[in-house]
Amino acid sequence: MRVGLIGFGKTGRAVASVLLCSKMTKLQWVVRQSTVLEHRSVPEFLGIESDEPGLIYSKAEFSAAELFDKLPVDAIIDFSGDSGVEYYAEEAARRGITIVSAVSQYSPGSLDKLKKLGARTVVMHSPNITVGINFLLLAAKILKKIAPYTDVEIIEEHFKTKPEVSGTARVIAAQLDIPEDQIKTVRAGGIIGTHEILFGFPYQTVRLKHESIMREAFGNGILFAVDQLRGKRPGFYSMEDLLLPFFTLKDGDPDLLKADERPWRQLATE
Amino acid sequence: MRVGLIGFGKTGRAVASVLLCSKMTKLQWVVRQSTVLEHRSVPEFLGIESDEPGLIYSKAEFSAAELFDKLPVDAIIDFSGDSGVEYYAEEAARRGITIVSAVSQYSPGSLDKLKKLGARTVVMHSPNITVGINFLLLAAKILKKIAPYTDVEIIEEHFKTKPEVSGTARVIAAQLDIPEDQIKTVRAGGIIGTHEILFGFPYQTVRLKHESIMREAFGNGILFAVDQLRGKRPGFYSMEDLLLPFFTLKDGDPDLLKADERPWRQLATE
Amino acid sequence: MRVGLIGFGKTGRAVASVLLCSKMTKLQWVVRQSTVLEHRSVPEFLGIESDEPGLIYSKAEFSAAELFDKLPVDAIIDFSGDSGVEYYAEEAARRGITIVSAVSQYSPGSLDKLKKLGARTVVMHSPNITVGINFLLLAAKILKKIAPYTDVEIIEEHFKTKPEVSGTARVIAAQLDIPEDQIKTVRAGGIIGTHEILFGFPYQTVRLKHESIMREAFGNGILFAVDQLRGKRPGFYSMEDLLLPFFTLKDGDPDLLKADERPWRQLATE
Amino acid sequence: MRVGLIGFGKTGRAVASVLLCSKMTKLQWVVRQSTVLEHRSVPEFLGIESDEPGLIYSKAEFSAAELFDKLPVDAIIDFSGDSGVEYYAEEAARRGITIVSAVSQYSPGSLDKLKKLGARTVVMHSPNITVGINFLLLAAKILKKIAPYTDVEIIEEHFKTKPEVSGTARVIAAQLDIPEDQIKTVRAGGIIGTHEILFGFPYQTVRLKHESIMREAFGNGILFAVDQLRGKRPGFYSMEDLLLPFFTLKDGDPDLLKADERPWRQLATE
C-alpha cells in the first residue's frame, strides 16, 4: 500500500520511521509547509535503511494533483494541522484515496470539510490514534455498563510542563459520563504520559492503564487503521468503528471455545 | 428472589453477608455438612441487621426435597465442594431451580453431573465468580485479537503462604494461549491478591489489573450472575456467557453516540 | 513484656489480636469506656487461642492505680481517644510505665499532658503508627534533600466514603514542604488505603508506595515501637526518633560491605 | 568545572547533551575510539545550542597528555568500555584529575587499575550511575534492617529483546541478601526499564519503584557525582559513598524539626 504523509513535525517523523520499517506500507513522499528539508530523503534523514522513495516536498512546490500524478498513493496520512485538509481534500476525494487524519485539533469548518469527504471516499479521524488508548476507552465503556455502581476515577500523569488536564483524559471522562473533577492530574519531571481508568468496586478494583513510551506509538495506530480501512465503503470512520468488530466475540468465533472445553472447567476438573 | 446457600466456610460467610445486604435476594437458608452452627441465625451470626430468615441447617437434618418444601428457593448458590451437587441436583432439576456453582475444584464426575443438569434447568459454573477477573479475561482476549503482535505477561501477587501459581493466572494464560512461564508469581506478606495482564506494544504498554480487597467480591459476582440468569433457557452457562452481551455495543446502542457527536470530535473542534 | 491496652474499637481489636499472637508481649488487660464486653476474655472474643489473661474491664470498674496493682504492666498501648490519657497519666508516670499512644487526634491540652509525661517516663506518640508509612516519610525527606529539583506529588487512594484528604497525606506534604494541592485524592469503592510519593526527575521516576491491607498493621507498628523503646531514657518520642538510627549506616556496620567487595563491582568484573 | 568525556555511544551522547545543558560543567572535548565523527562539534551534532567547545577527537589523534595540555579538564567522565582506563589513567593520576567511570562491565585487571588510581586521585565508579536506582538500593537496605521479617521480591520490566535478568536487579538482590529466584523478570514490547523492590509485611506493603524514561538519566547521575566529589580526598568511591551522608539526618539538621513542632503532632492537635 502506497502512502503519503502530510506533516513532518516530531510526531510526523516518528510516524514516518514506523511506516518505513513496515512491510505493509510504502512511503511515497512527505509533504510539509516548510521548505527547510526540501528534497531530502526521509530514510536518510531519519537514519533508517530503506529503499522506499520517500522524498520531502513543500506544499509550494507541487499541488496535490501534481504530486498524486507524479507519485500516486492509496492513502494519505495527515499529521499536520487544521489547514492540512485544504491541500488534499478535493484531489483525494476525486481519486478515491483513503484519508487517515490524526490532527488533534480541528476548527469546526475544517472538521466539517473532513466529514463531508466521507461521502466520496474512506475517511478516518482520530485525535489520539494509538491502539492502546482507544481500546481502553471501549473496554471502560463496557465495564461501566456491566458495573454501573462502581466509582470511576481517571489518573493521568505527564511531564511537569504539560499545561492543563490531558485532552485524552477529558475525552475518557466525557465518554464514561463522569465529571471532570474525577480526573486526577499528576505533573512531574519527564513522565511521557500515562492514563489509568480505575473502577472501584466494593470489594475489588479494576485498573485499565495505558503508558506511552514513545510517539512512534502513533505509527502503529496508523498501520492498524490503514489495515482495517481496506475494502471499507466510503464513510467517516473513527478508531472506535474499527475496534468495535473485535469486541463482538460471535458464536462460532474460533476464539470462543465450546463451553465444555473452556479452561475454567479444565482447571475445575484437575 | 429467594435463594439458598450451600457451604458456609470463609467464602460462604462473606457471600452470605452480601446476599443479606442486597435487596435483590432473600436468603432462605444455609445448608452445610457440619452440624456445628445448626439452627443459628445467619444475620445474627454475622452481626448483620436483617429480617431475612436465613437459618443454618446440616445436610443430615433435611434432605433437599424436605428443605425445598419447607423453605422454597428460586436459586441455589453453591460454595461448598466437589460433592455439594449430590445433595441438590435431582430436586433442583425437578423443580427448575436455578443453580449457581462457584465451586473451584470439581472432579470430572461431579462436573459432568452439573453439566447434565443444564439440560433440565438453568445452571452456571464459575470457579472465580468475580465480575472483575472475568471482565479482564474477556477484555484481554479481545486485545490479543486486536494486537496479536504484543508480548503478553501475567503478574500475579499473593500472600507468602499461597502455594504454587494462582489458578486464575493459569486460566488467563490458557485463554490467551501464552505459555505458563510468562506468569510471574510474587509471594510476599499478606497481599490479598492481584492479577495484572500486561500487553507490551513496541512503543506503549496496556495493563489490565485486578486487585482483590475482600472475599465479599464473590458475593457481588453472585448477584450479577443471578440477575443475568433471570429468564434464561435451561443450559450450562459460564460468566463469559453472561458478560459477552455487554461487549456487543450494537448500532443503535444508546451508549454509542452518533459519529458526529462523539467527544473525540468535540475535543477536536474546541 | 506485660502490656495493657486502652481502647477496644475496630483498631484496638485488630491490635489486640497482633499482641496476643506475639511472643514479645503478654496482654494483661484491656480497659475501655463502655461496659458492654466487661469481663469477657479477649482471646475468646477474638477467636484466638492464647493463654494470656487479657480480660476486658471498664474504666468505671477500676481506677488505673487499682488495675496496675492487680495486673501490673510494663507498657500501656493507647488506641482510645483524646481523653484516654486522663485515666492513666499520673499512675503510669509514678510507676515508670512506658506509654505508647496511637491516638490520631488530640486536643492541645491532652497532647500537652502527654508531652509533659515525657519528663517522668518513656512516652511515645504516633498518629499513624505503621512502620511502612513512617519509613516512607523519612525516605522521602532524604530523597528530597538528595534531589531538591524533583517534582514531588502525593497520590492517595481510599474508599469512596472517606471524607476529605487523608491526614497522613497532609503530614507527608507538610514534612516535604510541598503545597497540599500536590496531593491527588482518589476515592473509589472499597480501597483500604494507599499512599504514593512520586518523585519526577527529568529522565527517571522514583515512586515510594505504601498499601494498607488490614488495620492489624498498627499492631506490628506497636511491637516495633515497644521493642525500640526498651531501655530508653524518659522522654517524648516519635516513630521518626525510633527509625532514624536505622538510617545511619555507620562505618563498620556489618551491612556495609567494604568498598571493593561490593556487588556492583562484582557485577562489573563478571 | 571543565570536563572531558570518554566514549560517545548512545549513552555517551545522552550524557553529553545533559553536560552541555548544565551550567555546572563545561564540556571541553569528547574522546572516542572511532574516527568517524572526528572534529565534529558536539553541540552542533546533537542539535543543542551551546558555546562550550566540545569537539570530538579520536584516541589515535592525541595521547591523553597532549589532549590534557591542549584542553585541560578537572574531571573525566568515562562511558567507554573496559579498556578506556588505559588511555587516561596515568596522566589523570599525575595531574590529580577526578575520574568518574560509569563503565558497566570491567575485567578484573581494568577494575584493579581503576581502584589503584584511587591512591593518587579522586576516583569513582558506578555501573548504574542514576540517582534513583542508587537511592532505592540504600533505602531498601535500611528497610530490610528495620523489618527483617518482611518478604522481599524484585520485579524488573524491560523491552522484549533484553536478554537475561537485569544486572541492576541482581545487584539489588545481592545487596539485600535475597536469592536470585526472587527476581521476577518481565519482558514485553518496548518498556525502557523499571525496577520495583516489594516489601511484603503481614498487613501492609511497601513498594520502592524506579522507572527509567531516557538514558539522559545517567547524565544527571554524573552531575550529582561530580558535585559531591568536589573537595574529596583521593580515594575510590561509589555512589553509595556519596549518597550515605544524606541518610544521616543528624541532630540539629535543619530538616529535622524539633519534636513538638513536628507535623504529626500538628495534625494531632487540629
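Quick notes
Every chain is named by a letter (A, B, C and D) in the order it is written, and numbering of its residues begins at 1.
In this text, contacts are C-beta pairs under 8 Å (C-beta built on N, C-alpha and C of every residue); 3 or more make two chains touch, one makes a residue touch a chain.
Please read these numbers as outputs of a predicted model, since none were measured by experiment.
Each of B-C and A-C has its own count of C-beta contacts, and the greater count is at A-C.
Work out the mean CA point of subunit B and of subunit C, and you get 38 Å between them. Mean C-alpha positions place subunit A and subunit C at a centre distance of 50 Å. Each of residues 189-191, 199, 201-205, 213-214 in subunit A touches at least two other chains.
If the chains shown are joined wherever they touch, the resulting network links each chain directly to all the rest. Residues 189-192, 213-214 of subunit D touch subunit A in their complex. Chain contact summary for the complex, subunit A toward subunit B: residues 103-108, 111, 115, 125-128, 130-132, 135-136, 138-139, 141-143, 145-147, 167, 170-171, 174-175, 199, 201-217, 219-220, 224, 236, 238, 240-241, 243-244, 246-249, 255-256, 259-260, 262-270. Those residues of subunit B that touch subunit D in the shared complex are 150-153, 155, 157, 159-160, 184-191, 198-205.
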